[in-house]
Structures are given as C-alpha cells and as structure tokens.
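Below you'll find the structures, each written out as structure tokens.
Below, subunit A partners subunit B and then partners subunit C, in two separate complexes.
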Partner chain A sequence: MTTTTATQWIEACAADDIDEEDVIRFDHDGRTYAIYRSPDDEYYATDGLCTHEQIHLADGLVMDHIIECPKHNGRFDYRTGQAKGAPVCVNLKTYPVRIDGDKVLLGLA
Partner chain B sequence: MRGSRPESIVVIGAGEAGARAAMALREQGFAGRVTIIGDEPHAPYERPPLSKAALTDEVEPQAAFILTPERLAEHAITHRSDTRVLAIDRDAHRIELAGGERIAYDRLLLATGASARRLSIDGAGPDNVQTLRTLDEARALRTRLRPGSHLAILGGGFIGLELAAAARARGAEVTLIELAPRLLARAVPADLAAIIARRHEAEGVRLLTGTGIASIETDSTGHVVSLSTGERVVCDAILAGIGAIPETGLAERAGLAIDNGIAVDERLATNDPDIFAAGDCCSFPHALYGGRRVRLEAWRNAQDQGNAAATNLLGGSDAYEAVPWFWSDQYDITLQIAGLADEGSETVTRELGDDARLDFHLANDGRLVAASAVGPNGKIARDVRLAEMLIARRATPDRAALAAPAVKLKGLLAG
Partner chain C sequence: MTVSTTPRDYSLIGRDTRLAEENGLAAAQWYQCPIPRKELKELMKRSDGPALRDTAIWFATLFLSGLGGYYFWGTWWAVPFFAVYGILYGSASDSRWHECSHGTAFKTRWMNDVVYHIACFMILREPTVWRWSHTRHHTDTIIVGRDPEIAVPRPPDILGILLNLFALKSSYVAMKKLLLHATGRLNEEEKTYIPEMERAKVYWIARLYLAIFAAVAIWCFAIGSILPAMFIGLPTLYGAPFVVIFGLTQHAGLDEDVLDHRLNSRTVYMNPIYRFLYLNMNYHVEHHMFPMVPYHALPKLHAAIKADCPKPYNGLWEAYAEIIPTLLRQVREPGYFVERQLPDPNKAVPHNHGTQFVSVVPAE
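On to the complex of A and B.
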C-alpha cells in the first residue's frame, strides 16, 4: 500500500450512482470534486473545476478516459489529470479512489 | 519556386486563430522562423471574457493570455506588437510594415479577424459611440458601468446582450435598442430568444425592439439618443453592438479573392497557394452543408482553423469541416448553438425544465443539421456536445427520441 496514514477516506457516493463512462460531482468540506467511472469499470477522481475557467467538469462529457469541459471543450485524461491541449494547459489534480463494498471512497490528504 | 518545407512562416493577426496557429506550428515540429504580427500592445489574449467577466470583476481586468510573453519566448515565436502591416508583395514573398520594414515569408497566414461595425447615423462617431472588441475597449467601458449610470446599447445581438447583463451586474441602468422585431433574429430560434428576452426584462433591462435610431446628440453632460418613436433616451454612455466586418483590406489590395471574407478552399488556402486564412476574416466551403460558403465569428472556429491552417501551412491537406459551435453567457444562463440552424426545415424541442430548452434542427431528409439551447450551462452543455457529434456523423436520429428528455443522447451515437 502506498497510502499514507494522513489519507482520509471520505464516502463520496454509491458505486452504481455513476453510470459507466460517466461522471458525477461531489462536494466536501468546501471543495468540489469529480468522480468518474470508466468504460472498463474503474473509478477515478479529480478536482471538480476545470483549470481554464473554473467550470464544473461533472457537467461535461466523458468519452473513454477523457473528460471534456462543458464550457470550452478543454480535455483532460481523468486517470492522470493530464491536460490534452488548448485551451487547457494546466493539469488537473487527481485523488485516489477506493471501492468498499458498494461505496466509492475518495482519498484526501 | 518554393520548396515544400517552408523556413519562415508569418502570421498576420495575433488573436485566437493566429496565436493558435503559431503554437500549433511548434507542436507539429516546425523548427523554422515563426512571426506573429498584431496591432495591439498586448501578447495574444482571449477575447470572449471581454464582454463577460472582464466587465464585472471587481478589479481592473487582466488579459487572459493565450500565449504569455514567457511561452512565446520558450517556443521561439516572435511577436511584433503594435504593428500594422501595410502590404503583401506576393511575387517577392514579403510583407511591408508601417515604417517601411519588410519581412520575408515562405508561407503566410492571414488571421486578421473582424472589426466592429460602426453606426452611420447623424451625430455618431468613435468618440461618443463605443464598440467592444479589444481589451483596451473593455477597460474603458468598465469604468462607465457603475450604480446609477445609464447605458444605451444599440443592437440586440450577442455583444449587446452580454454587455447588458454585465452592466446590470454592476448596477447600471440599461436601455437596449434593436431595430428588428425581436432579439437575436439572425442567429437564434424565436422560442429561445424569447427566453433570453424575458430574463433580461426580469433583470431590469429596458428592451426596445422594432425601434430605430434617428440621431445622437452629445454634449459635456452626456448623450441623447433620439428614437424612431420620438422618444429621447438620456444616457451616460452608448455602446454599439451591431455586427462585425471581416478585415479583408490587406488581402484585397494584394489581389486575393474575397467573398464575404477572404475566400479560402477547404484547406484554408487562398487563391495564392502560399497564403492561407483562418478565423473570423475568412469564408470557406463547409463540407457538412453541401459546400455552402460560410464565414464564422466564433472562438472555437478560430481555434480549430488555426490548428488546421498550421497543418496545411506545413504542406498538409486537412480539409476543415468542424461543426460550427458558438456560446454566449448572460447572467447565469448560457446559450449554445452547434451547426447551422438555418439549414433546418423542422424543429424538434426537448424541454429541460422551466429554465432550459434544447431545439434540434432537422433538414428535409431528417438529417440533424443543428442544435440550439438555452439554460444553465450544466443543463444543456453535455447534450449540445452530443448533438454536435451527431451532426458531424450526419445522423438522422429518431424525432421522438430527440424530444424525450429521458432518452440519453449518448445512446443515439451508437446507432
């Protein structure tokens, strides 16, 4: 395990709250996150706001492993947070996700 | 005879299309000289915020740079600011700058954009009727938007409406005057324009449609706009948002073909094979719409055409056929349009609640040619994006499925 003792695991949603190849918004402690379920049924999490103009990514479209911002179509790989080109050039922060039974847990440092 | 590998590429225009093209040249591995020439003092910046956040932010707006001076330097892109180009010498493959300097090019990209149309009415001039196109104009306008000031906006198009929303956010009184019987008559279906009009009225904007302007008088205390109805609107500032004109003068003087903009082919090449054009300044045949020649004034188009032009400046043969896409923000609602709505002969509406609505535009043969939506961004953006993908695939989706909010558009893509 690479998890440090400082990581807090927060219950974000139920596993089937998210469709395959989709995303939902999760707010916690004054911050907003995006939780993803990939086409191959893995779960991921990133910061909830686009790095370009602070738009909620959960309103955007998930295609394969890409989340596309609903405002200006900035694209990120939600597994790594990598920005995929203009207009976005700043990567998204990612967070660890763990499945516990039917719950999706978000790991916050 | 020029070789197929250019060594020097010059981009005239430092807006979205020009800046994106310059950067894309580097992303595609071009190692020769890249020069962007712009007539503004700033490094290339994004224009969309100028009619939105730049006017309402508490602090003096800073440019949202597309390419900061640091990134320009990092990628060895030479940016000549405050510089006007006087002429293109096509035979000699060089351009002439104001001041006499000449710059040689192997390939040239014209990304000269568009300029705000000026009001031609008695008493109207650049000193008393503002336009909004540049950062400096936005900064000047912002100082005039304050509680108790009264702004007259001429034109019920996107710039006028976004500005009206910004002015209300800053507490200014707004009278908006539009000659046509309704707002957004050129670009937006009537049912969606009506939602937008109601919102502006609810926010306290005085909308006068079907109203002309007879004259404008200005003295040291302010302005009076005399309307066709006989009414006199007394105000502190006047803004005209009455359309944009493509910047074609340079191309025209160089003998390039003009047709509602600098005429290019599907590769964005002009009738000179070493000169290309991209963005608001050019018209191009759109393959999705039977080769119909269109000119788009849109941020995404400028960006995408900048990318495509870079490929083709380097000898590529990318045919540009991206689905046109446009958005406008007013208050907390967004309008988005994908495709060309006037290609449709039938409309199918998807109701998305009290405050949101999505119209699909279908051609005679049932093909989806456009989608227009108004509402909170979160309610409409994903569906418009999916509609855009259906349009690109020339899909003929089932009308009942389009109309039913419970049917996920993503499911139609698989069909």
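On to the complex of A and C.
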C-alpha cells in the first residue's frame, strides 16, 4: 500500500483496547473501520463492513491473520484485505496503522 | 365471517420479493440476544477435535453397518444393517454438509471442505448451489420471496412432506436441477443468489454427480443386482426420514417475515444419539442468531442466552405436538402460525406477523 504525505493520522483507540487476536470497531467521519491486533502483536486496519453484505466485521472472529465475518463466515486476510473464497469475492480495503505511545493511529488519505 | 387470502409468492423473483425489499426485510438487521464479547469469542473458538471424533465415529459406523449389509445381503438380516447405513448416509449427511458449509465444524479449512463435498453428495445437494442458497437463508431467514430454503411454504404440501420422508419429492427436484446444471444452465431463481464467477463450478459438479450415478447404474446392470446402489445413491432415499423429522422442527409452522430468530426458529432438546446425527442443530435459534459458533459449542451458547429466548421444546414429541396440528390447520388457513412467547415482549423486533402482505377479503 502507498501512503502519501496527505495521510491524516487519526487516533482510533488505545493499544490496550484491543485484545490480542481480536478486533474492534472504529467509526470516524461517517465511515466504519475495523482495527485488528494480531497474535504477533501487530496492528492492522480495514474497512469495517464485509464486502459480501454490509455486516460489521468487528463482530467476527480473528484467527491468526484471518477475520471471519459473523454473518456467513466469509474470510479475509486482514493484513492484505484479500478475500479467501466464497461467499466473499471482493477484497477489503486496508489502511495503514501506526502506534504512537499507547495510542493506535489510523492513516486515512 | 369466512375469509380467503391471496396466496403468498415464495419464488425469489416474484411479488413478495419486491415487497420484502420495499419493506426493509431483505438483508436487514436482526435481533441478537445480548452476550458479552469475551464470552462469545470463547464460544466461537474453533478446534478440530470434536469434529474429527464425530467424523471418525460416522465413517466407522457407516463402514461397519455397510459391511453387515453386504455380508447378510439376500437375507432379512441385511435390513437392520442397511437401515443404520441409510440413516447415517441419507440423514446424518444433512447436518454434516450444513456445519461444514459454515466452515465451523473443523478449525482446518480443508477438512470442512472434504466432509462438505462428501456429505453434499450423500444428500444430493449440489455443493456450490447449496452453499449460496444457504448463505441467503441466513441473510433472510424465512423472509418470503427472499429465502430459497423455506421448507414448508403456506399452505403446506402435506403429500410432499410425506414423500420426502424418503426424499422422493426433493430428489426428483434435485435430479431435474442436476440435469439442467449439467447442460450449463441455472434457473432464474438460482441466478439471483449464485454469482457469475461460481457458475462454472455448478455445471462441472452436476456432470460429475451424473457420471457417478451412471457408473453405479451400469455396475448394477452388469452384475444383475441393486447392491451397488444400496451403498451409493439409494441410501439418499431410504435413509432420508430423519432429514424431515429433524428438519421440520427448525422453522415449520412458525412466523414468516420477522427479523427475530426467536420467533421463526425452534430449539428442541434431543437425546445424545439424535444430537450426534444432527450435530446439535436442534439448537436452531442459537445457530441462526450466532452462526459463527461451532456445533459443539451450541449447548453452552444455549445456556448463555436461554433467559432471553422462548421456552425450548422438551423433545421431538413436544415439538410435533405443535407442528402437526399447525401444518394441518395451515392447509385450510394459510395465515395461521404459532406465535412464540418471548420472555420480554418489549425487546421484540417490530415485525409483520407474516400476514402483512396477505390481503384478507370477505368470501362471497
């Protein structure tokens, strides 16, 4: 993913707000995002809604680097946004994430 | 006053499809019982262990009963062995394709896929078609005009239900669809839920199924015996009763067009043998409300949310004491349904009671 100098870093949550291997929802400016903390303690962000139907991924299950949608169990790799097969066919948009002290910052263009 | 009703349109491309969309019932927000995220996460956790154990028991009992049927073939002793083989093949496959289609039975993806394909063949459900129809069933559970898996449209087809105790109607429909798909076509309804990119798979698997059935038929003719078909193909029919016996408890006779699974689904307590055959799908309210929870965790999920759900049914007898009279009454009165009592009616999602789109007119 390329980020430009126009990237705006928005404070999304505290690093501790997300358990390891879990996800939370973050709403900003009329849009919804999903912020993940992986088992290896890295942070990632994607669009918050599944690309199959408009379901919040933050209600889903994180397994390793996969987020499974709570509605029909569609799976994405949240690091790349890649859809891993039916019923999800369209990739998720991903966003850069930065840790600043104990804050998780989300990079929005 | 006698009333007559305009029949509902259960097709996915008709009047009720349009009405469901206009009324916000398509891909809508559904009620969920409150449950802390930590607890739900624990319940959603995947593991291979329970499904490996249940699959090993399933295959071992299939093998042993099949062996008995083969050994005693030509005597009456073969009957109980084939009865067991048939139920494991034709009925137990129902819950197996279902659980694996959700990808929750096993933790390991390929294990779900392997069992999914085997079970789909056994119950004669084309894997790609049913994966997508079941997806829609979960989006729009018992929403008329949207859900392709409404087992008992109103008025109920009682003869069809009885025929399906041996999968006669369902297999006839499935064979017609196989033939259609093998020629590279879908029907108009299937086009509404199977995406373009998945369709080639449908056609090739249909051809494969037909090739297997043709091979078994040729084998039977070659040896002058139906024995091969007793193992592959026919058990879909003679082993089917529990597909209907268990399956009808899920939604039959309950409300339509309601965005709350507590009102359109049943949870029925069952004994451990039935729960093995049915992989805990008797916890059907729970399954629909939280489809991410694997079958082996459904009893715990049930305990976690039961205070917010209607009273479960205490066994198949109690469920059928309600279902049979309801379906018989719906033959005459299609607008009738069983209204489940919620513990806190104030927490119900506003709904249409399934009759909103039925115009009631005085009879002449």
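FYI, the second predicted complex is superposed on the first by the 106 of 109 C-alpha atoms of A that agree within 3 Å, B and C clash if a C-alpha of one lies under 4 Å from a C-alpha of the other, contacts with A are read in each partner's own complex, and residues count from 1 in each chain.
In the analysis below, a residue touches a chain if its C-beta (ideal position, glycine included) is under 8 Å from a C-beta of that chain, and two chains touch if they have at least 3 such contacts.
It should be emphasised that the depicted structure is a prediction, and the values quoted were computed from it without experimental measurement.
**Q** When the two structures are laid over each other on subunit A, do subunit B and subunit C clash or fit?
**A** Clash: subunit B and subunit C overlap once superposed on subunit A.
**Q** Just subunit B (first), just subunit C (second), both, or neither: which does A:Q8 touch?
**A** neither
**Q** With both complexes overlaid on chain A, does A:H56 touch subunit B (first), subunit C (second), both or neither?
**A** first
**Q** Answer with first, second, both or neither: which of subunit B and subunit C does A:T80 touch in the superposed model?
**A** neither
**Q** Using the superposition on chain A described above, determine whether A:E68 touches subunit B (first), subunit C (second), both, or neither.
**A** Both: A:E68 reaches subunit B and subunit C.
**Q** Just to be sure I follow: which residues of subunit A are touched by subunit B in one complex and then by subunit C in the other one?
**A** 60-61, 68, 70-73, 86-87
**Q** Would you mind writing out the residues of subunit A in touch with subunit B in their complex?
**A** Within the complex, subunit A contacts subunit B at residues 21, 55-56, 59-61, 68, 70-73, 85-87.
**Q** Okay, in this complex, where on subunit A does subunit C touch?
**A** Going by the criterion above, the answer is residues 22, 53-54, 60-61, 63, 68, 70-73, 75, 86-87, 89.
**Q** Going by the contact rule at the top, pick out the subunit B residues touching subunit A in the complex.
**A** 20, 23, 27, 46, 66, 299-300, 303, 327, 377-378, 381-382, 385-386, 410
**Q** Can you tell me which positions in subunit C touch subunit A when the two form their complex?
**A** Listed in rising order, the residues of subunit C that touch subunit A are 27, 41, 44-46, 102-104, 107, 128, 131-132, 135, 138-139, 195, 197-198, 290-292.
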